[in-house]
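Look for chain A in each of the two complexes below; its partner is chain B in the first and chain C in the second.
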Partner chain A sequence: MGSRFDRRILPWLLLAPALLVVFGLVVYPVGRTVWLSFRAAGLPYLASGQSRFVGLDNYRDLLTNAHLREVFLTTAGFGFACVAATMAAGLAVALLLDQRFKGRALLGVLVLLPWAVPRVAAGTVWRWMFDDQYGLVNWTLSHLGHDFAGFSWFNDRWPAFIAVGVVVVWQSFPFVALSLLAGLQSIPPEVKEAARIDGAGPLQMLRHVTLPMLRPLLLTLVVVSTIWDFKIFDQVYVMTGGGPYRSTELVAITVWREAFARLHLGTAAALAVALFAVLLVMTIGYGRLARDEVPGGRGVSPRQRRREPLGPGGRGVSPRQRRREPLGTAR
Partner chain B sequence: MKRRPAATVALYAAVVVVALFAVAPFAWMFLTSIKPDGEIFSRTPSLWTGSPQFGRYTDVLDAGFATALRNSLIVATGTTVAGVAVAALAGYALARFDIPLRRYLLLMVMGVQMFPLVVLIIPLFVVMKALGLLDSWVGLVVAYLSFTTPLAVWLLRSFFETIPKELEEAAMSDGATRFGAMVRVIFPLAGPGLAATAIFSFIAAWNEFLFALTFVKKENLRTLPVALSAFVGQEQADWGAIMAGSVMFTIPVVIFFLAVHRRLTTGMVAGSVTG
Partner chain C sequence: MRRALLLALALALLAGCGALTPSAGGSSAKGPLQVWIMEPGNPELRAFFTSATTDFEAAHAGDRVAVQFVPWASAHDQFVTAIGGGQMPDVAEMGSTWTPEFGDIGALEPAALGGGDGAEGGDRFVPSLVEGATVDGTVYGVPWYAGARALIYRTDVLATLGQSVPSTWDELLTVGRAIRDRTGMAAFGVAGNAPHYVLPMVWQNGGEIAYRKGGVWRSGMDSQEAVAAVQFYADLYRTERFAPAGALSWNARDVRKAFEAGDLAMMIGGAWDLRPLLAAHPELAGKVASALLPAGPSGNRDSFAGGSHLVVFSGTKKAALARRYLDFLLDPGRVAAFTTKIGFLPGALDALAAATPPDPLYRTFSAQLQDHSRTYPPTREWGGFEADGLFTSAVQQVMAGKRTAAQAMKDVAKTMDAAFGG
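Then we have the complex of A and B:
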């Protein structure tokens, strides 16, 4: 059935535009950035493409330049802190949504909302909530008995990072919570029942039954969150602009500033490549871990895990498609 | 199981705290946008307003937000149409033909989700400058295809795979070509999948900030997020106006998001992890 054209040529014609996009807009730029990271390039490069090979100098800068080194450490510290807070908040909310109470479905939808907000809008709104004079946060904290009246969150490094961190967690806990809820709901009731008969209290249940069964899923979510939180740009740009005195710069912000404000294109490229490499290593490491995990079968089976979290809508997804969701461990 | 009364109280207290944390910023955003200035800039913020005013919305639109809204709509729509067209063809090919590239598709999707956009930005800037695409809608659309296409291909391929092969085979035995069968039989059946993919692409393009900030310098070509961030950066920030702008920027995307969030979860997780 089907002509020779249909079998041999048509598939490639159909793929051609997508391949063009992928090679032109992804593969080529990545390769070019790697190339640029070995070169000294400034304004002349943007103007007429002039640059000079400098070997590993740009990478050496990353290690020797105090600011760049600090940016990396800051990004890692801030990123992991956000991941920890997101996981804690997500797990708590998932456990809450796993209880029976009135308004559970509504809470499921409300919790979803922060995730839907564009990052720039989230940064903007929270920037206003954290306003020193008229902000809701200072007002609330003052009412709770702490004197935060007029406290400037953005004049100092640590408070500024706390404010940005709150936004990051606010936007990323819904995804973690709903994924974990789906995991919780897929734990067979018999398992919990058996543990209960053996006299396990709620905390023991969490520690010895629930968390071990969710392990593969938790691992996945930690990796996804880490990838997101290491790339943060928008929220920082809107809330602090990297200030005061570049003290809240994260890698993505620094890459952008080095490239487009200071025109140190080689340095910027090396920074970007280093960030990419770190994320790549973490992802591959995760892939290994996940693969080792599967045959033991300690976790919930991938099929069970795919049960839907509660929430609105959900029409139009066929059971087949739902099954393909590669949430969780690698295949 | 019955709960003790103390546990019930604790449970509902937790529910209220979580709900407030999730929703308070929305409420505050909207409330600020309709409060009179005197109530906004007050040491004791009021949690309600007796005299709502919606005039700020038209003021903000007149102050340049209408142009930004137009730019965002054009760029997001352009990205959606171009991306879905490209991805539908590729997704079909990957779903129906035995193509060696299949194995690399997931890798590609994963890679694009994983790496930071700053890795692409310098070469894209240089190429666009050379092609005269800086400060243009087309330039942004092209740049956005870099991150919407791989995921769209992935979503559509899995959708096409749910449609039985027999349908095209029947059409082809009635004399249709493979291409004709694809366009007239399969694409219409894939309506929901195409719609979900389109919404996903639209949201991604609507929200994008980094490329929009870098590739467009002319004020009259700015998209919404860039216009909004410029508002915030001003010395005497007019928070009422900024919040009105934020509402207009956020609402459409929240509605879209609620319609497709499940599929989006799929894509993101697919994109970010599986090895």
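Then we have the complex of A and C:
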């Protein structure tokens, strides 16, 4: 009796607090959002809970409303551009920090600083720096010989996205650089040594040794960055507010505008669910890619790995076999 | 024994989690009165409230007040969030164009304007402010303060050019062109993100932003007068180049910044702009004056009468305390002192008489408010239009030359009519 309690109920009791937190913070809000995405709900919903079931109407809006469709495409374009720039900047800085030179430790700390700046603060500061009349960016560019006096970064979507993109990349490359630096330092020196003896130059070394060995890490970082950069809100909210004339709206901004300004809570929920679905599909896709990669052994699929002959002893023995063994000897 | 202990522990944990969940449904009966005050970015405001709270608590033994400052820019969001979470304050200052929206869904208590209940006593206040708080005959907020924008300009620049202050749209063009061609300054603050600059021009041109027809609101933004007004405003930027290219994404604060830096000769602004501007830049003293807004072709020169109401949220359990606090804040002498400090004018007529400034620099704003101002249509939908940037994004498109005013305003009118329903 006592042992049955311990085995069957006790684990659940011990898990209960964590499960409750997960349920309260994740399952319930996500479920509620999905539920809301099938309903028409406005301000009265917030005050007294009134809403009406409308089936797939909110999702139909996403497909038929030209602005909402455009927002998704813009988000994807801007998100991928930011990911690419972040990865490039992060890799470059990581490679630099992997070299031995004077002041490396100091630079390593300095590089981390942008990451530590709160996003809203960074957006505000950079908005001033990109100011058309009194901004540091225009002043610097003008002194470098380009005519940027009075150039307005926030008058049109392309310059505005460049300005916002600079801030996003500036804030997210330190994390990538730091992770890649850790990865670089875990590459065994013998491998590099061997490549060098075989006559590999620095670029060949990067292409054929360093990058392949960092591949699983790179994939993970790409996934994480993609999720972050598709959800960008703060920097855009502070720097452009989605303007001028809604041309710099990203999905997260549109969700906020639909929910808090227009009070179309159902549409906002549907947008959020759609973004969630897109990110989920991409993450699963990346996950597949990452699983098919074994460090050093390119192109070996999990299935192939499973087919490999099982050696004696611990390594390569499947869990099932290991469990069977002691049972067998006992009999 | 051990089992029982574990079970008890688990139950205690569960119960603890329950206690952590915030309870919905208004504020509690205990604790201080929760008050939200809008924060305009003026340090005088906080100083006023620190001493006012002390005075109030000293005068009413046992009453306690907790004042929280909410920036104007995010206040609409914060009210929506608070209502959604059932965490409203007891008393709040509310932008006069939002009161109908929140009153209509039952988030606000009907306001007591006079000694008695209901709408009586409304004649004690600036009429446009009472109208702005009224939905279907019920008043949801007590007018606290009001202000209207007028024209602020550099006297020295105009004197050098031999120009006098523009009093019509045509003169605005003449003076503006002289400034543009003969000085290095921008002539006029035409900003893309400033709805209160462009919308009154619809009135000045003889149009209506919205009107009532058969009990239903209809948009007037696609009327000839409104379209021409928006086109006029956009052309000040696009063809006349009265402001730098970046003004497309400027808001009223950016305009003030350019004026402060001495790069702008004329701007639309309130006394709340002028006071801090002169305080921070004493070198501009004597070089700045104010005038009524230039009149449009119809002869009208109305400005938007903005301001705020004091509201009580429904479901408050401290109604009596809230009433005491409102009476305290609305004391004519206190309102007059407060509004002068922040550059506004009292919403109550008796306080307004006491607060009208002798300084001609500021008397303009009183005249603009009393004789040449009106409010936006007091509809429950208006707050959403503003928060959504409905007017500003359309005007920006016209300023950028992406669309004509007629095309852009047709869409604005369609959106407004869809929201009004009927």
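The working rule: the second predicted complex is superposed on the first by the 271 of 331 C-alpha atoms of A that agree within 3 Å, B and C clash if a C-alpha of one lies under 4 Å from a C-alpha of the other, contacts with A are read in each partner's own complex, and residues count from 1 in each chain.
Going forward, a residue touches a chain if its C-beta (ideal position, glycine included) is under 8 Å from a C-beta of that chain, and two chains touch if they have at least 3 such contacts.
None of these values were measured; they are calculated from a predicted model.
Q: Using the superposition on chain A described above, determine whether A:159 touches chain B (first), chain C (second), both, or neither.
A: So A:159 meets neither chain B nor chain C here.
Q: Would you sort A:17 into first (chain B), second (chain C), both or neither based on which partner it touches?
A: Both partners, chain B and chain C.
Q: So, does A:117 touch the first partner chain B, the second partner chain C, both, or neither?
A: first
Q: So, does A:284 touch the first partner chain B, the second partner chain C, both, or neither?
A: It touches chain B, and chain C stays clear.
Q: Check whether A:240 is in contact with chain B, with chain C, with both or with neither, and answer first, second, both or neither.
A: In the superposed model, A:240 contacts chain C only, not chain B.
Q: For A:231, select first, second, both or neither according to whether it touches chain B, chain C, the two together, or no partner.
A: Only chain B is touched by A:231; chain C is not.
Q: Of the partners chain B and chain C, which touch A:260 in the superposed model: first, second, both, neither?
A: both
Q: Between chain B (first) and chain C (second), which does A:132 come into contact with in this model arrangement: first, second, both, or neither?
A: So A:132 only meets chain C here.
Q: Now for A:103: first (chain B), second (chain C), both, or neither, which partner does it touch?
A: The answer is first: A:103 touches chain B but not chain C.
Q: More residues of chain A in touch with chain C or with chain B?
A: After superposing on chain A, more of chain A is contacted by B.
Q: Both chain B and chain C touch chain A; at which residues?
A: Residues 2, 10, 17, 46, 131, 133-134, 241, 260 of chain A touch both chain B and chain C.
Q: Which of the residues in chain A end up touching chain C in this complex?
A: Going through chain A, the ones touching chain C are 2, 5, 10, 13, 16-17, 20, 24, 43-44, 46-48, 131-134, 150-152, 154-156, 240-246, 257, 260-263.
Q: Which residues of chain C touch chain A in their complex?
A: Contacts found on chain C: 3, 6-7, 10, 13-14, 17, 76-77, 80-81, 83-84, 101-102, 105-107, 192-193, 244-246, 248-249, 257-258, 261, 263, 384, 387-389, 392-394, 396-397, 400, 402.
Q: What part of chain B is in contact with chain A in the complex they form?
A: Touch list, chain B to chain A: 11-12, 14-15, 18-19, 21-26, 28-29, 32, 40-45, 85-87, 89-90, 92-94, 96-97, 99, 101, 108, 110-127, 129, 142-143, 145-146, 149-150, 153, 158-159, 161-162, 169, 172-173, 177-179, 192, 196, 206-207, 209-210, 213-214, 225, 228-229, 232-233, 239, 242-243, 246, 249-250, 253-254, 257-263, 265-266, 268-270, 272-275.
Q: Contact residues on chain A for chain B in the complex?
A: That would be residues 1-3, 6-7, 10-12, 14-15, 17-19, 21-22, 25-26, 28-30, 32-33, 36, 45-46, 49, 92-93, 96, 99, 101, 103, 107, 109-122, 124-129, 131, 133-136, 139, 149, 170, 174-175, 178-179, 220, 223-224, 227-228, 230-231, 233-234, 237-238, 241, 251-252, 255-256, 259-260, 265, 268-269, 272-273, 275-276, 279-280, 283-284, 286-288, 290-291, 308, 311-314, 316-318, 320-321, 324-328, 330-331 of chain A.
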